[in-house]
Amino acid sequence: MDLHEYQGKQLFKQFGIPVSEGRLAATPEEARKAAEEIGGPVVVKAQVLTGGRGKAGGVKLADDPADAEQKAKEIIGLDIRGHVVEKVWIESASEIAKEYYLSITFDRGVKQPLFMFTTQGGVEIEEVAANDPDALVRLHVDPLEGFQPWIARRLVYGAGVEDAGEQKQIADIIGKLYRCFVESDAMLTEINPLIVTPEGEVKALDSKFTVDDSALYRHPDIAEFRDTSAADPLEAFAREKGVVYVKLDGDVGICGNGAGLSMSTVDVVVVAGGRPANFCDLGGGGNAEGVVDALEVITRDPQVKSVLFNIFGGITRGDEVARGILEALDRMSIAIPIVVRLDGTNAEEGRKILAEAAKSNLFVEPTMLEAAKKAVELAR
Amino acid sequence: MAIIVDNDTKLVVQGLTGSEGRFHGLRNRAYGTNVVAGVTPGKGGQDVEGIPVFDTVADAVEDAGANTSLIFVPARFAPDAIYEAVDAGIKTVICITEHVPAHEMLRAYTYVRPKGVTLIGPNCPGVLSPGKANVGIIPAEVFQPGSIGLVSRSGTLTYQIGHEVAQRGLGNSTIVGIGGDPVVGSGFIDVLAKFEADPETKYVVLVGEIGGDEEEKAATWVSENMSKPVFSYIAGFSAPPGKTMGHAGAIISGSSGTAQAKKEALEAVGIKVGTTPTEVAELVAAAS
Amino acid sequence: MDLHEYQGKQLFKQFGIPVSEGRLAATPEEARKAAEEIGGPVVVKAQVLTGGRGKAGGVKLADDPADAEQKAKEIIGLDIRGHVVEKVWIESASEIAKEYYLSITFDRGVKQPLFMFTTQGGVEIEEVAANDPDALVRLHVDPLEGFQPWIARRLVYGAGVEDAGEQKQIADIIGKLYRCFVESDAMLTEINPLIVTPEGEVKALDSKFTVDDSALYRHPDIAEFRDTSAADPLEAFAREKGVVYVKLDGDVGICGNGAGLSMSTVDVVVVAGGRPANFCDLGGGGNAEGVVDALEVITRDPQVKSVLFNIFGGITRGDEVARGILEALDRMSIAIPIVVRLDGTNAEEGRKILAEAAKSNLFVEPTMLEAAKKAVELAR
Amino acid sequence: MAIIVDNDTKLVVQGLTGSEGRFHGLRNRAYGTNVVAGVTPGKGGQDVEGIPVFDTVADAVEDAGANTSLIFVPARFAPDAIYEAVDAGIKTVICITEHVPAHEMLRAYTYVRPKGVTLIGPNCPGVLSPGKANVGIIPAEVFQPGSIGLVSRSGTLTYQIGHEVAQRGLGNSTIVGIGGDPVVGSGFIDVLAKFEADPETKYVVLVGEIGGDEEEKAATWVSENMSKPVFSYIAGFSAPPGKTMGHAGAIISGSSGTAQAKKEALEAVGIKVGTTPTEVAELVAAAS
């Protein structure tokens, strides 16, 4: 789960990483009030889960509360890369003497957390990595050794931070960021820029934060951060139903079990000349109820002209899926054709159940490819 | 022979008395796997259709001679189950459980790795050596014995490929679902090395998917270490650009993680890549 | 550092391990008041850093406050194996249905913490280990793996605890005891007995607790537990001066640098026919001031008839030791003979300094054995 | 040859700019040890009488080729210094610092152990190979080159024995002070194994003291693995029964930990034990 800037900063603050004082605002009036409370010049920052806010006009400086209200008016409702700004973060404006970059990510390849730090912050970090790789210090952490002070020293001295006060503050932030990363079950925490003010104070001016969905059960406070408004309405409805669903642009609705097979089904529909309307994964243990939910989500999309079920049972059982499809047809009025391909655990029983139901808009095909072809044909 | 599980496997199922543990544990036994024990704390002394249940894995090892563990416990107990199995001396641990927190698996992985234990999963379908042993949830009836080693990040996609292969009259030495979580006990390279060393395996099919750079690394490893022909299928050619892990993801791996990039990396070292499950099955069939 | 029962229980409580309600009392009156506050029958327990309290009459049941006062009167001032009881712990009396034993120790051999658990508690654990070794479950913990729930299960099921309520409570206590052990920097934590009440409640009825002296700097609360009154007055004075000192019974005062050499010096004095008055270790980096302190401690013992300095310099420098000895002779009036043997770092300078001072009660000898013989001879 | 330190040693002193680090680091260099670097965070770029100082051990390895580290930092920074050295690729780490918390050393030890690093200490006098290199605080002038390997839990007692040996015209291959803390990086057996493999070492003297059961375990190991004659001295025959670690200590080790018990265990496997430093020196001299 990705967090908004203001949510990540809230966690930073909990772990003692310095951030500016700020308030969240959903309306220009709230923005004005926030600026009044904070005092002095403020920055009005769009809270959207995508990059490129600055270039899109989503970050503006405001001299006073009236100006903050005006800037919030300009930003709220803005469409940034498909994300409509609903909230802005108002924070005390910082003077910036230097901009650094600091992050920890979960390196899946090496299977260790990876620190990255450079004094060339504020720009796209990919550019630094490409143009001046020596300026980007990378250091893995052995998760059993855990964070040790030398790690911070290697980063700080390695990147050539020269001021002793900065060295001390940054080393401290590095240690706290590691704790924040581990104890929040983060997959990524990034501070870009990590600024130094003219007075020599170091603080986090932005935050990127991704939390492991599997660990949310032990972080109820972070789980509440979930911004359902940020997602596509169909995807939000799917999430409510517990269905993994990504909206695409075509007309063939797709439902598979398992991410790999579902992805492959999307590919095969394209190979068969069709245009997938979505990616939908029943997951490992799909039962009849899950199938009903998935069909409800898929058929809510008015573009969908046919639905393809591609199920290879393991934990998922073919008979359960068949029962779910019939249950859905009973409950909802689904007029569009449904093509079903069943294999694996209890597939034969499933096919038998579907055959006995003898529904006119239900087509059972023997292979994935044939099922895809049929669904594409029926969508025309 | 075969890899990871075979006729010498003596299986203990951690979580045998749960509904999934029971269903698949008994299915595995029905297939012919030697299921010697179950473990459920507090149910020691009971049995599940004749399979004795113990309170601890240590008891299952000592009293029933278990050498392989299959884990079916809920996510929040899975790392503990892995530590328990490894510290009880189990050398092959297969964890089916999904949604295990990545940081916990990271610690468990780092602890287990130097101990010479083969850990498969979590969030994987398990390992099947057709005709010998099935440990996990793979629907064994789809597969038949043969000389093709199959390794995959995806569960159901594995079945699809195995199924397509079987329909062409070919069979598998072992099918390994390594799982798609951020931290899995064994990666492509670990399994490829086992296939390379297994005399029964003549060809290998590697089933990958978008994201990360495991397939690219496997390609390099294959070109440097493998004598047996490798074929591949990658899922997700038509996938829209998904959520990225901030900016850092791409820098770390130095790869875009797209299906096309993986296909190119594999083909660059001479691995033939099919764009559908059917196509990869045809490629293997043509080579056999 | 060894903790008193009541101190260990205070730590147990902090980590959530159940203990009985109790109060500390230094006088019979305080004991009466404590018993009034607690209510009901209480146990009056001598707080001494030695075993065998029960057999020595240091633990007594009291039915009411007046009885508690009486029992405290009997116990306070009691001499238990050389330890005079100064304080008693008054706690609510527990009914005992079962007595178990649970401990974690720092196993120096295996270099891992070691859990030991048996349902045969309340007796000397050495007896269980000797007579019924299978009843004592032992389990090491890999410090990088840390505590995992299976460890508690192995102990609880391995020892044959059959009641499900007990299993649950004990497993919980095992986890908490591990945290207590690690986070308190303990070398030993022992609960004997861990009792089960007739109502099925499990709690710690006693505590043995040893904390790593080297880690006390980060546990100021535990460091304050230090009971200076419990020690020999000379040893307490030595501790105040920062000198490692153990009082023995003879007449040859001994001072070495390093525990091994100091111990060996004690041995050699015995071999030379003498009776050592003490063991005293200047430590690794002994400077002149440390030597003065050590001499002050050693010569406070009226039994001492001669003092033997046996110094082999490494970090310790011979010239510093020589200066310290002269400094001490200047400041204090020391009439008894001092025999000095110096070798190692700057030994020659040291011997020269001593020779130049030409004190009548100062004897420099070339070897350890000759110095010991001289000191023994001078003590006669 | 020799063990642990020799002419190939390229030493970095962690804490070189501190008063003890400076004193002993320069002494070590004066003896002939190749001291290539010092490390003090924030003092990178300075030097100590010509020895370059770096901010990190990694820099000392990369820029000065250090392969051995000597640690002189205060106790609360010592575990960090050990991790830093090991993770920078240093293969021999000698930690002089005393009063390091035991639990921290336990974690560091467990982390370092499987990495093939020789860790000596903490709370030890260091390692001296006479005529080759001196790393630590051992007063080298007391010792001379020879064929006796010396390993000891005690610092000053080591000097005493080496001194007594030298007075009899004999010399040492290497003197190793392993330290007496609850957790030390290398135990008697680790060092004995190195002496057994070292062609320059003909005899070994093991200097123990009361407490624990390391000497008893060493006795067993010697009887099973060692071809070279071993002699021993144990300190503490006249020590009063000290504070015991609760009841558990004796049960764990299965030994009373007294000097007499250790003497008997050593003699039972044919190791001659002296009761004074002089006596053990005479035993070795007689055998030479």
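For clarity, chains are labelled A, B, C and D in written order, and residue numbers in each chain start from 1.
Everything below uses one rule, namely that contacts are C-beta pairs under 8 Å (C-beta built on N, C-alpha and C of every residue); 3 or more make two chains touch, one makes a residue touch a chain.
In this text, all values refer to a predicted model and were calculated from it rather than measured experimentally.
Taking chain A out in thought, with all other chains where they are, everything left is connected by touch in one piece.
Looking at C-D alongside A-D, one finds more C-beta pairs in contact between the chains of C-D.
Look at where the CA atoms of chain A average out and do the same for chain B: the two points lie 27 Å apart.
Rounded to whole angstrom, the centroid-to-centroid distance between chain A and chain D, based on C-alpha atoms, equals 54 Å.
For the pair chain B and chain D, the distance between C-alpha centroids works out to 47 Å. Shared interface positions of chain B, i.e. residues touching 2 or more other chains, are given as 111.
The set of chain A residues that touch two or more partner chains comprises 142, 144. Within the complex, the chain B residues that touch chain A are 20, 24, 75-76, 98-104, 106-107, 109-111, 125, 137-139, 142, 152-160, 163, 180, 182-183, 207, 209-210, 212-214, 217, 233, 235-240, 242-243, 245-253, 259, 275-278. Across the complex, chain A meets chain B through its residues 2, 51, 103, 105-109, 111-114, 116, 124-126, 129, 142-144, 182, 185, 187-188, 190, 192, 208, 210, 212-215, 217-218, 246, 248, 256-261, 263-264, 266-271, 276, 279, 284-285, 311-316, 343-345, 367-369. Interface residues of chain C, counted against chain B in their complex, comprise 142, 144-145, 148-150, 153-154, 157-158, 164, 167.
Against chain A, in their complex, chain D makes its touches with residues 41-42, 44, 55-59, 77, 79-81, 83-84, 87, 111.
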